Amino acid sequence: MTRGFFIGRFQPFHDGHRAVVEHVADDVDELVLGIGSADVSHTVHDPFTAGERVLMVTKAVADADVQTYVVPIEDIDRNSLWVSHLESMVPAFDVAYSNNPLVIRLFREAGVEVRHPPMVERHRFEGTGIREQMLDGDEWADHVPDAVAEVIDEVDGIERIRTVAEDDGSEP
Amino acid sequence: MTRGFFIGRFQPFHDGHRAVVEHVADDVDELVLGIGSADVSHTVHDPFTAGERVLMVTKAVADADVQTYVVPIEDIDRNSLWVSHLESMVPAFDVAYSNNPLVIRLFREAGVEVRHPPMVERHRFEGTGIREQMLDGDEWADHVPDAVAEVIDEVDGIERIRTVAEDDGSEP
Amino acid sequence: MTRGFFIGRFQPFHDGHRAVVEHVADDVDELVLGIGSADVSHTVHDPFTAGERVLMVTKAVADADVQTYVVPIEDIDRNSLWVSHLESMVPAFDVAYSNNPLVIRLFREAGVEVRHPPMVERHRFEGTGIREQMLDGDEWADHVPDAVAEVIDEVDGIERIRTVAEDDGSEP
Amino acid sequence: MTRGFFIGRFQPFHDGHRAVVEHVADDVDELVLGIGSADVSHTVHDPFTAGERVLMVTKAVADADVQTYVVPIEDIDRNSLWVSHLESMVPAFDVAYSNNPLVIRLFREAGVEVRHPPMVERHRFEGTGIREQMLDGDEWADHVPDAVAEVIDEVDGIERIRTVAEDDGSEP
Amino acid sequence: MTRGFFIGRFQPFHDGHRAVVEHVADDVDELVLGIGSADVSHTVHDPFTAGERVLMVTKAVADADVQTYVVPIEDIDRNSLWVSHLESMVPAFDVAYSNNPLVIRLFREAGVEVRHPPMVERHRFEGTGIREQMLDGDEWADHVPDAVAEVIDEVDGIERIRTVAEDDGSEP
Amino acid sequence: MTRGFFIGRFQPFHDGHRAVVEHVADDVDELVLGIGSADVSHTVHDPFTAGERVLMVTKAVADADVQTYVVPIEDIDRNSLWVSHLESMVPAFDVAYSNNPLVIRLFREAGVEVRHPPMVERHRFEGTGIREQMLDGDEWADHVPDAVAEVIDEVDGIERIRTVAEDDGSEP
């Protein structure tokens, strides 16, 4: 039995993330999906709460051909403790999937095997791009699984990201 | 669609917890299982990590007749923020299930409907009792779902709880 | 111009605290009232939130013959930082009033003058006693200023302390 | 009885803030003034401690036609907990006054009524502008209540902001 | 080159600790001495600050036949992160010395070799015993290195522990 | 007996820092070297852990003509508590050495004498410059004590800083 680990902020979970899950599903029997920066929300960069993202991710991978665990991970702000922190929060895994240099480095210093999910490259900047589309119009919905679009509608997500983007520099 | 919420420390998840899940499954369409004190582990009172408990709970409810979300919740140590904290970490829910007076009070002050799961009474002290049985012998395995016993074996849980119980008052 | 400082948890603010304020009012021109353990609430030992205590204290000293500042102070859990922490939160003061040995020690190591408020002795255990009376009946109201009793009524405080006292040892 | 809430960093409290207080005083019986970022000080953006700001604000609104409560609020760095955090620290209020989009959004998601204080617009950038004037000369004193200028003099505030502005990029 | 690690609260550093250092000095080329609970002070159980203990320990092992590093370690309150936390704070080591069951367990789960320092047994309860002697009289000085007694005198340590022991149950 | 204090992030400890130590050694009998931002590592700005820096600094000053104490100091993120925080972590000192305006201001408000180490001026930007050289080639080794270069080699430091510098903006 092999268990893999893949972490993202999933703001929101989009088709690029979904492609990684499908790629990894061929490799492993079980997959842990860590929701990073779980404590951050209500900003343009991180509009959704961890709970909203648990809902998005769980629904978006429900039909994937792999047993999944979806776990929010609060930020710890100490790189040297980050691997232990997330290892304490998720089921033990055999291999981590990432293309982020810092994440790769931290896993390797901790002796964790890291593999590169090839599909994610094509979608690299989709997170930022999709959030910009959310501010501008409806195109964003073409780039996320249907289940994610439904969750965003339910939580009034577009209105939220537009409101927090209006920040005008007034104090406080 | 109704979504319920049930929180426990699940140290470990036992047949009493399982009975609550079955009871609640008749009431709701989806159930969020919050793993409390997620940041606490390696003590007699809280031997297992959040990740180990995610594994136990997910496997133990896999065949329940309800869609479940299993989410670790770190302690926040401020009662007045506790409801907001967990609401930010889990999918929005309509009703919470609890027999703990403080939990009930905090939910009610926050305007959340609370129901009492009747089955849990019979098993009230099972958590403590099962941990004592873990220190003494094998009987504990009769009181937890098979999937939980397997996880405890995999993580060498009995050896861990016995080691930390040996604390002899030596410093530090 | 002399400014004094007096800190208490004020759970609740009672006649003994009021007597100290009256005593100190003869000594100083202005008095800072620090509400300790501001982040703790909803327990038998600390039933009221900082905000509820701000209301109690402000109303209970409104007619005192001294300018007052009522400031909540969150716990910092590091004795060696406690004086700097509260000094950063309140207006600069010339003298602190306390009979608590640890508080006195910490102020003296920091070079702050400490005086003993004599009236507080007679009422020393009133905090605990009044909380016990809240659990048992109505007598508590005789030992707090009228304004405090009104705030406790408004926030449904007796019901809250009785609920959290019902804790029956069930998990979590 | 209506109680309002208005939060600012008040670095320093200036005539624009004072105008808001006067405007709100016509609306409500009591006004809670929350001092945001209470834990931040000794920077160009946030030169004054919470305690110094308690002094400024209390003195600057002493003659306002409304009962006021001045309460420092430490940052919590989790938007989803911010409303609960400040609600636990201040007396319960009926309506919040703000023109900041994030603040408005967080209050509305928590079900709190929000009103816009019209006067604050004219003074929007005064906080930054006044701090720049503090670095350059004496004009700042024309834009704050006299009581505030006195507090800034007492705490040697101009010297402090000029010193911390000298940061020359040297390490540490 | 072999580097060892030994942690204690060192409240205060006594002859039993010194005996361990001498024992370990035969085993290793360099020794890291971790000062645990570095953030705790001014209580009967933990009277001395980390800085005072850095002074005690450094002077008490100055003549030991091993290169030493004396490093304060703040508590982290999460057993599952404790090994990573201290590994980030001290030079990399090859073997840890401890007789504390929890410490041993945490190191072993992290793959760190642990050895038992035999000398510490005889002195097991000296920490508590010495603090009781500090409350009662002068005998304590017979059980600590001279350099430690000098530091305790310099920081007025006996007076401090006696003061904080006077805590009389008064609030706060 | 005079004890001095000098704090730096020491990322890495370089010849400029060494020159300060030599200058100060003429002034004082003992010198405390505080390692700032001890909790930060694995970034381009702060590549090394506190433990790695303890090793660098201790070895680099081993032959200095002064008794040294090398102590990591975790960030506290509250300027008003910073002096108390570090005073609790290090042996009591008589004079601090710094050219950083904020550090000087905080010490002076706390009543601590501050002196300016003249030698550090010439090397002011070496920290940044040396880290840039680490990314580009080998020249960095000319600007640090040999003992520091050895530690950086041992911990594979150049590879680490190059890896974390590769961050390409991909999420997370």
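For reference, chains read A, B, C, D, E and F in written order, and residue numbers begin at 1 within each chain.
FYI, a residue touches a chain if its C-beta (ideal position, glycine included) is under 8 Å from a C-beta of that chain, and two chains touch if they have at least 3 such contacts.
Remember, predicted model here, so these are calculated numbers, not experimental data.
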Labels of chains that are neighbours to chain D and to chain E: A, B, C, F
Which of these pairs, A-E, C-D or A-D, matches B-E in more than half of the residue pairs in contact? A-D
Can you grab the rotation angle between chain A and chain D? Superpose on CA, round to the nearest 5°. 120
Quick one: report the Å distance separating chain B from chain C, using the average Cα coordinate of each chain. 36
Can you give the whole-Å distance between the Cα centres of chain B and chain D? 43
Which positions in chain B are in touch with at least two other chains? 39, 41, 49, 78, 80, 87-88
Please list each pair of chains that are touching. A-B, A-D, A-E, A-F, B-C, B-D, B-E, C-D, C-E, C-F, D-F, E-F
Note: in the complex, chain E contacts chain F through residues 38-39, 41, 49-52, 54-55, 58, 69-72, 74, 87-92, 155
Name, in rising order, each residue of chain A that touches chain D in their complex. 39-43, 49, 160, 163-172
Per the touch rule, the chain E residues reaching chain B in their complex are 7-9, 11, 36-37, 77-80, 99-106, 109, 120, 124-125, 127-128
Touching chain C in the complex: which residues of chain F? 78, 80-81, 83-85, 87-88
